[in-house]
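Some structures to go through are shown next.
Next, two complexes with chain A in common: one pairs it with chain B, the other with chain C.
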Partner chain A sequence: MSSTTTQSGLARARRGVAPGGSGGGNVNRKSKLSGQTRRTFFWLLLPSIVLLILINGYPLIYAGVQATHDGSLIDTGNFVGVDNFATVLSSPAFWKAAQFTLWFTIVGVFGSWLVGLGLALLLRTKIPAGGTFKVLLLLPWVVPIVVSSTAWNWLVATPDSLIPSIFRNLGLGTPLFLADPHLAAVMVMVFKVWVSFPFMMMMISAALASVDTTVYEAASMDGASKWQQFTQITLPMIARSTYISWILMTIFCVNDFPTIYLLTGGGPVDATTSLVVLAYRSVFQDFQTGPGVAIAFLMTLTLVVVSVLLYRQIRKSSVE
Partner chain B sequence: MSAVLHAQPESGPALGVAGAEKTRRVLSEAVMQGRWWRFALILVITAIVLVPIMVTVILALTPGPNSTATGLTLENITGVFSKTLAGTWLSNSLITTLSTVIVAVAVAAPAGYVLSRGRSKAVSGYSLLLFVMQSLPIITSVVPLFILFAGMGLVDNLLGLIIIYVGSTMTVATWMMAAYFDSIPISLEEASWIDGCSVFGSFTKVVLRNSLPGILSTAIFAFLLAWNDYLVAIVFLRSNEIFTLPVGVQSFFQQNLTDWSGVMALAVVMMLPPIIVFATLNKYFSVGGIGGSLAGR
Partner chain C sequence: MNVKSEASRNFSRRGFLGLTAAAAAVPLLAACGGGSSSSSAGGAIKFWDMPWATPAYNEAAKKITEGFSGANSQASYQTIQWNNFYQTFSSAIASKTGPAVSTGGGFQAFQFDQQGQIAYADKVVEALKKNGQFDDFLPGVLEPFKSDKGYVAVPWQLDMRPLWYRKSLFDQAGVAVPTDWPSLLDAGKKLKGIGAVGFATGSGAGNNIGNHLMIMMMINNGGGVFTKDGQLDVMNDRNVEAIEFLLELVSNGVIDPAAVSYTTDNLDAQWKNKKAAFGMYVLGVPQRVGDTSGDLLVASPMAGPHGDKATLVFPNNIMMYKNTPSQDASEAFLVYYMGQLKQLWQQKLMNALPVFKSITELPEFASDPNNVKIVKEYQPIAKTFAAQGTSLNANLAVLDGGQALNQFTQTILTGKTDAKSALTAFQTGLQSVLKK
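On to the complex of A and B.
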């Protein structure tokens, strides 16, 4: 793949096929054209570069400054070196939030993957109105989190809500889904899986669509069972897309704020406080900019490592 | 499928014409049964999955506790527009989202073109940089940007929100556009170059003109991000009349915990635009798709 795509643009321009050129072997003309192409490319890229520096680059550097100072939102304060990081790393709240974030991410990634995979496989077979179901099943991902968290609140928040009432009428007691720390943690994860599985379903469906069905016919002729076909054909065929979607979903889960914050606000008793919620609270509720940004910085470091690994993997597999 | 295999008689052809006919009927029944069984399963799953959304719609369209109306009614929706700033929030959301979509595409399309066509060290370095930036937690940039924007009068200002949304959409959007441009053969452009067209000319006249699906899928992605964002909006928007819908819905929800009809009416208003966009443009999104574009490169 890469050998053909890298042959594009600039390389061709250098060979003299570029703008205004009629081919030709004039060396001066070629290098001039290449320079012209380069200039065009630079101007096309410029707005993107400016925005990247302003909205992504500058804040990252300034966050580094804040993380090493003891100031507030209004005043940067004094340089304190790694004090904020030391404070954060020695606080039980940080480790509790890190632990919750880890579980939230694991359940979020694999839960949504399993549900998405199951539905993608089911929808792949001929089903009446299959296309309609596919669109309907995307809705949890399309509907704004503010809306769905409100609906989930209505369903589970109080003892008189719909789902606790159903439990009561079935004689199963009245579970307090958002007031009990363990149940609230489970609830947030279930909500996250509900929000995310359509994304996985789309990714897997796209990967499945490119699998040649004659492979399955050949395999079943050879006597391969359904399960064998699944583990030996389907899974390897969607492996690359699966790998990418796991890492993307990891980034989505670690960075997720509204799913948790809107459903539980991080409570009860910090049971559902993730690192993002903790960072948000430190800065905007406790007005402790330094520690808050330090938390965000630690997350950033982890995610940069994850995304560079992902980038390498994508590069590697597109070369193969 | 396995049902089909089991239904196949061992000695099929030996049974003669009647046997073959019977076999065919059994087979088609088995297939139909398989289909209906799957249909029932997906129906049940979809129904369960959609409960929260159905609940929202039902509560929004049925009369509230203090209402005299019967049957389905729009009075909750009209009520929420007259009682709250819903109209202002809706127009704020529309302005912010549409501006984000237009600017994000205008920035990402040319950048994506360079990523797709120019493969120098600098370009692939920039590609990696964009990729790393898209994974950064927005919470890291929010605090520094808050301070920067406060000095520029961009806090509590929709323009500030638009700039941040464009910045955070642009990274993935550029990748999506680049992935789409990869699928447009360079030979199309070469023909225009021979006719005396410049690189910029072939980009606008040849490539962009053939990129509607790619542009639409990028636009949908930007639309969803800007329409649904909550974190940036609650940090940057302070006054009621500047709220976008997510902040408006949430503030109304917290103030009126008992007025579920009103809250759900506003929620329905908020979920309609993305549903409409998806219902009409779904096929374009499945072509591009965030994941798809990352997987494709």
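On to the complex of A and C.
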């Protein structure tokens, strides 16, 4: 078989085209709605629109007011313009938290994606008690974070905890997983991957389920190796789900308060303080409402930018 | 049929942006509040109380509250969880759905007074003078609540930080219970030899015992974070000396090297599992960790190198708010409630010290020798976060549990610093958040 034939088969497979299939068409006709129908749509949507404005719009506007004032949760105080933003951006604590948030997000997104992908592929094969495994693998996502963080604390917190004891018995010393700043940062990220991989696994499993198995048969007949099938069929076919899951996981990681706060409280010595933890501390522990909300605004802005960039990737992955 | 193209049509850019904006708004919503509020209880006095002890405590407090009928009013009771309590109170007060009277954080009354929300308790104090309860207060517990404008609150219990020890571990190590700093260091080294912790503490997630230890050691040495007139005074010699000593304890392993990450559960486990031999902790440790064998005892206060003796106390209080159906009823309720407090100790529902001498003499309280020792030896020398001064204020809330103190504590407990550098950073951190 020539490589041209193989590439042709893979190209067809990437498009989700079964051998001999037509490939389908990208029909994108806009329906013409009458004015009456549009008005009906509007009235039907109105309650939802009002609710959205109340639920999202009002807090956003109020947060905007607080970010530009020097008051408290009770009294917004005096207008200070962008002073709070300047204060935040000139603070080393903000940049340290931003750096940790970046690493936490990168490890959280790609770590959970890799583990989720591996397990999703494994679960696609016929293994004994596959259903039971699926349920067990979902547990980290299902168990309330307060329970899992407590369990992890028991496992690693003190020199007498299970995992440090194992290290000690193996002659590897007694690592203080939550007391050492570097180890604590690693531990929080590992915990995040552990909590998040079931979500990724579900997203990828759903995407894989929609892939026609005959695509692989076609590629196999064309001589594609398993690795080629993985890189040139599986990954492109789940690309859309992957980008969506990356967007969602990026938002989950950047906004993740409980995972960090319950396990380390942001310590030791701010080693695991993320931006959302810093914002919380600023508002509710230092009672600096304006700077705290300013941090939250900056986070939101960053998330929107990152999400739009990833969204463009989604659109690209849709182009035939 | 191309499934992707169909999905693509349904997933528009605009829809995506809307979804993204909604999801991204989460931190903003988290930061800008949204705490709970309760519906109005009509003309009744709303009393909000914290879960100070087991649920049985809140049941008893509710019963007392609902027994009120004075000034043509009734009272309703609501428990407010500690989680995000400041947010809960703030949002309720802002929306005029807050309580008329409440317990709360130790410095909450001063925080809300600063924002013009507190009704002064001078008339309540006058009433307490008339009914005899004023003279029943333990020495020095009421004065800290008197501001230039009036009493911002009335104390009802004392949260003390005494020193505890496990007798069997000291017997095993063959050392005496420390009475001063040098003997603490010496005993700690010997206790370490038997695998015990000579000075137990922790400053992990949600644990402020380490923070309190830092301040306790400063005031135990005659220092403190503020001057007598409330000015910031972190770098005084006594503080430097206290922190140098703590660093010495860390470097000698007398303080557990993992303490920086210990939650209160971890700390409880150390006391329960006979690992912790000595340390500053809350009241009622035997009951807290479930060991009432008599092996866990209160130690006498240690003397600092200059002979000073002191520990930390948080005078928890009950405050009144301006938003009330009737100020007269609020005051009548508070006087009534103060008169019923002894029930809580009679039923052994409290782990805190009472503020009234008469309650300390109740058999239910005095039958515990640890309680008696704390009242006798610690209460007279106890100081608040305001030490070296005595007047409480809103800035103390920023000190208590704020980032600056927490970071300072964790820096000390990791031992990777020197006293002056750590105190300088602490002072800078405090200066940036304290109200001028």
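Just so it is clear, the second predicted complex is superposed on the first by the 256 of 320 C-alpha atoms of A that agree within 3 Å, B and C clash if a C-alpha of one lies under 4 Å from a C-alpha of the other, contacts with A are read in each partner's own complex, and residues count from 1 in each chain.
To be clear about the criterion, a contact is a pair of C-beta atoms (placed from the backbone, for glycine too) under 8 Å apart; a residue touches a chain by one contact, two chains touch by 3 or more.
Since this is a predicted model, take the numbers as computed values, not measurements.
Chain A is touched at more residues by one of its partners, and among chain B and chain C that partner is B. In the superposition on chain A, no contact is made by A:Asn169 with either chain B or chain C. Of the two partner chains placed by superposition, only chain B is touched by A:Val147; chain C is not. Touch criterion met: A:Gly267 reaches chain C, while chain B stays clear of it. In the superposed pair of complexes, A:Trp194 makes contact with chain B only, with no contact to chain C. In the superposed pair of complexes, A:Phe41 makes contact with chain B only, with no contact to chain C. In the superposition on chain A, A:Tyr311 contacts both chain B and chain C. In the superposition on chain A, A:Asp286 contacts chain C only, with no contact to chain B. Contacts of A:Leu178 after superposition on the shared chain: chain C is touched, whereas chain B is not. Contact with chain B, but none with chain C, is seen for A:Pro258 once the two complexes are overlaid on the shared chain.
Overlap of the chain B and chain C interfaces on chain A: residues 52, 56, 59-60, 62-63, 66, 73, 150, 153, 240, 248, 251, 254-255, 257, 261-262, 276, 279-280, 283-284, 292-293, 296-297, 299-300, 303-304, 307-308, 311, 314, 318. Residues 1-5, 7-9, 11, 13, 16-17, 20-34, 84, 86-87, 90-91, 93-94, 111-112, 115-117, 203-207, 256-263, 265-266, 269-270, 275, 397-398, 401-404, 406-407, 410-411, 413-414, 433 of chain C are the ones touching chain A in the complex. On chain A, the positions that touch chain C within their shared complex are 15-16, 23-28, 52, 56, 59-60, 62-63, 66, 72-75, 93, 150, 153, 157-160, 176-179, 181, 184, 210, 240, 247-248, 251, 254-255, 257, 261-265, 267-270, 275-276, 279-288, 292-293, 295-297, 299-300, 303-304, 307-308, 311, 314-315, 318, 320. For chain B in complex with chain A, the residues that touch the partner chain are 1-2, 5, 34-36, 38-39, 41-43, 45-46, 49-53, 55-56, 59, 106-108, 110-111, 113-114, 116-120, 123, 126, 128-148, 163-164, 166-168, 170-171, 174, 182, 186, 190, 193-194, 196-203, 224, 227-228, 230-231, 235, 245-246, 249-250, 253, 260, 263-264, 267-268, 270-271, 274-275, 278-279, 282, 286, 289-292, 294-295, 297.
Against chain B, the residues of chain A that register as touching in their complex are 5-6, 8-13, 17-22, 36-38, 40-41, 43-45, 47-49, 51-52, 54-60, 62-63, 66, 73, 119, 122-123, 125-130, 133, 135-140, 142-148, 150-155, 162, 194, 199, 202-203, 205-207, 220, 226, 240-241, 244-245, 248, 251, 254-255, 257-258, 261-262, 276, 279-280, 283-284, 289, 292-293, 296-297, 299-300, 303-304, 306-308, 310-311, 314, 318.
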